[in-house]
Amino acid sequence: MYRETKILNVDSKVSPIGGDLEGAVGADEGELVINVGPQHPATHGVLHLVITLQGETIQKVEPHLGYIHRSIEKMCESLSYRQFIYVTSRMDYLSAHINNHGCALCVEKGLQLEIPPRAQVIRVLMDELTRIASHELWWGAMAMDLGAFTPFFYAFRERETINDIMEETCGARLTMNYMVPGGVMYDIHPNFQKRVKDFIQLFNNKIDEYDDLVTNNIIFQNRTKGVGILSAADAISYGCTGPVARGSGVTCDIRKLYPYEVYDKVAFDEIIETAGDSYARYLVRIKELRQSVRIIEQLIDNIPDGDFQAKTKAVLKLPRGEFYSRIETARGEFGVYIVSEGGTTPYRIKFRSPGFSNLSALDHMSRGSKIGDLMAIMGTLDLVIPDIDR
Amino acid sequence: MFSLENITDSSQKWLYATFNSTIALVLQCVIVMLLVISLFAVLGLVLVLMERKVAARMQIRLGPNRVGPKGMLQTAADTLKLMMKEGLTPDGADKFLFNLAPFVVMIAGMLIMAPIAFAKGFQIWDINIGVLYVSAVSSVSVIGILMAGWASNNKYSLLGAMRSGAQIVSYELSAGFSIVSIVVLAGSLQMSDIIASQQTGWWLFRGHIPAIIAFVIFIIAVTAETNRAPFDLAEAESELTAGFHTEYSGMKFALFFLAEYINIFIVCAIGATLFLGGWMPLHVGHWKGFNHVMDYIPSSLWFLGKTFFLIFLIMWFRWTFPRLRVDQLLSLEWKYLLPISMFNLLLITLIAIMGWHF
Amino acid sequence: MTNGEIKQHIVTVRPNGVFDETGEWLQVQVDISEWKTFAQWLRNDALQMDFLFCLTGIDWSATATGKTLLTMVYHFTSTVFRHTLVVKVKLDRNNPEIETVSDIWRTAEFHEREVFDLFGVKFLHHPDLRRLVLTDDFEGYPLRKDFEDPINMIKL
Amino acid sequence: MAFLKQYISEIYQAVSSLLKGMKTTGSYFVRPKEIITQQYPDNRADMKIPERFRGEVVMTHDENNEHACTGCTACELACPNATIKIVTKFDTTPEGKKKKALDTFVYHLELCTMCNLCVEACPTSAIKMAQTFEHSVYDRSQLLKKLNKPGSKLRAGVE
């Protein structure tokens, strides 16, 4: 939908330098207002940022959202508790499985369902595979934002393997809809364990390659170190979660703080970096890859036997009340808040998406930095626009 | 033995024998012009295809492989497409400058072709200040880029052009210093003299470590001067969408695109001439047999081989490194490359004066 | 802190708060007039609720008891004590107005704009209260229960 | 002097980190075996689609042109997008009783999100997910499908 607001009207007939910018609201002498997006190579989707520049220095970043707002919360109000889970795959499509997991957890909390141990382990395995796949894409896209194209293809090679594993077990590559309230939709594929183990073995070497190509690269380090600094207090105040907050030294891993499924039984570290700059956030994600591998290594040979799904009624009805579940997606804390009036559909559902809160810190982080830095900051925020717009 | 020198010599003799000297000169100019233009077209096609293939191999892809055998005709098809596209001029643009800019960039590229020796005796204009001419004319292309950025009436273009201006002006310095260090060693500004001075060995090997440092600085500086990644700030895709040529389409865009590749070719040709001996075959000290075998390889092949090796190197940079930020770009030049190359020039002068080179 | 301790703390400053302990977390309902001072107390005093992780509204107009009721729901966690509290504020659905908390928790700035956009709640003294996801000339508030869009909404 | 030492070591580290990156890309350049491009559609013949892959909903018919759909509309209810519409009719059994049966199973492929909830809901396993994925057509109306074959009937013994 075309939105005609004053601030977008920057195709003025005046020469683009100087203060004579009609339509650039609030532009002072010498300031330059630039629209980054909604179609821009670095916004990965339809995020629209209105940037006020002084020379190359950013004065203000103002996100304009809503280009793919679908009002998923409203849609879910008319869907049953089995049906609404698939819609959440369309929010954060990179960690679709974890979103579904959060919804399933919330419904199970309402139903007070006991999940069979096998299903719990499968869910966690899938979560971690999804997290690796999501971080892979982030890594490639981040390097691409900074002008290195090749890492993107290396990242996608590994991501492709995960997608193949997902496809074999879940039946789809991206929006798997493998979660059902009470467990998972079907049992894992007989090849699953072998393929995951093969992948893990291969993947460990690949992370070293990533370090050679990007992490230790002097240009990359210069581009990200000291850029977009977010202090711990600000991270909390802006509601940042996930690697963004952990890069600022805030302990916020839901898997550690409020363990769900079998996360309290596996050994893994919560990665904390204290620098708070883009490089710290980058390191958190790269190190999280290894932690995810560690979790998978512990669980892949120890999938307990038993049911993969708890017995549930055909029509689910949640008791009257409010239920909130939190889960750690690849981007941070994903919350599902269900208000039930006792019917078969939720009365009100609210998704607390990590990207939304993380984006709100963008203005604070990027003031005073260069345009090039904005890409480094946005890259490490790992924004997924459908997740923000919902 | 087949040699380009014989062809140029005999054709010149024939021209001057058949016509009076004025007409012969005009005809010569026409021939040279046609040759340069066709060289441009061929180089554009070859280099774009090469870039895409090199990128594909580094990115574990296949690259173009559908049009023609092994995708050889891909760039020809792309050119055809670009020619048939409508050349849009934005409404608020300065139409004259907007349309002029691609040609300025292009002509600057053509002018630098003049003193380059493509093979033994195959040179358009062996001017006695060849190296100076090259470094002077290569600065002209920045005017075209600034024109394009300014005239587009697009903020991305403007930012790209400004970056490009700052970048080319500063990297000109260290590129100049590197060139001067070879001039010091060779003792001449003339291209043919510089090549002749490398008869016994290329300056890269004969000039000890300072020559190697000069070579590395030269490669970095020319990568920056041609706006290639990791110094492609002028068209930084993820920041400024396409930088100074955001608003260009169709053939005018193709000219910018072509000019970029031609510039790469030219700077690599100059690099090959100065540091790797131009068309001079590889000679190692007193290995008579080896040197003799090397002499059998035509001089044009030597020249093209060296040039394309350098082009490959620059492509390799592009597909490996992230882009620098604009302030880092300048601090790299002013804090590292310039002091090093100045000091390096001193060392080279010392070597040249004392005659320490091999 | 346990739910009981949090409750004790709150009772000392807001003796008339309505508590609900049926859910996972302690819920407290405060009056709209004392919301701002209560919010400041939450953030800065004994409870140290520095992390506002969810802020939303609920339109109760489709239920029998809440024809003119709209509730704001705030979920807080303290990163110091790791306890969680849910605060609810009742608003008049016909003219919902509430003091902003974006000066206390910066994340509220975006969340409040979203709630303003989708529920029509006016946040007083908000620095930049504009539509966030919808167009500026959009009519109606989509997450209210009486919102109908005959073209884009699919009814099952 | 310390400054100079640091200056030089900085340059050394920078250059070595750059060379490491070039080594990585260079090593892929000389190993064409690593190329992962799939030449679709040339490789269509030997492409392996996992048997669980969800491409579209189909109804299984046996050799007697019989299916297992009783027209119970469980799938229609389970579908979140109104993808499925079941049209029922009344058949007369040999005993003279009237019985509800499937007339047309309408399936809107253009609305389907392949969530598999209908297949899970089906009590008689009449429908399943097919592995086809090349669904593009020139006209959207071609995506509206009738899943039960013409003349097909309910398999005996399926309730």
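Chains: A, B, C and D, in written order; residue numbering restarts at 1 for each.
Rule of thumb we're sticking to: contacts are C-beta pairs under 8 Å (C-beta built on N, C-alpha and C of every residue); 3 or more make two chains touch, one makes a residue touch a chain.
As the structure is a prediction and not an experimental result, all values here were calculated from the model.
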item: Least hop count linking subunit B to subunit C through chains in contact; value: 2
item: Chain located farthest away, centre of subunit C as origin (C-alpha); value: B
item: Pair with more cross-chain C-beta pairs in contact, given A-D and A-C; value: A-C
item: Distance from the mean Cα position of subunit D to that of subunit C, given in whole angstrom; value: 41
item: Interchain centroid distance [CA atoms averaged], subunit A/subunit C, Å; value: 25
item: Between subunit A and subunit B, centroid-to-centroid distance (C-alpha), Å; value: 44
item: In subunit A, residues with contacts to at least two other chains; value: 79, 150, 157, 213-214, 217, 219
item: For subunit D, residues that touch 2 or more chains besides their own; value: 18, 21, 24-25, 36, 80
item: Contacts with two or more other chains, residues of subunit C listed in rising order; value: 156
item: Contacting residues of subunit A [partner subunit C, same complex]; value: 1, 3, 5, 65-66, 69, 71, 73-74, 78-79, 109, 233-234, 236-241, 250-252, 257, 321-324, 326, 333, 335, 337, 339, 341, 347-348, 350, 352, 356-357, 359-361, 364, 389
item: Residue ranges of subunit B touching subunit D (in the complex, touch as defined); value: 54, 57-62, 316-317, 319-321, 336
item: Interfacial residue positions of subunit B with respect to subunit A in the complex; value: 55, 58-61, 91-92, 150, 153-156, 158-159, 163, 229-230, 232-233, 236-241, 319-328
item: Interfacial residue positions of subunit D with respect to subunit B in the complex; value: 11, 18, 21-22, 24-26, 28-29, 32, 34-37, 39
item: List of subunit A residues in touch with subunit D within their complex; value: 79, 82-84, 86-87, 150, 157, 160, 167-172, 175, 177, 180, 185-186, 189, 209, 212-214, 216-219, 314
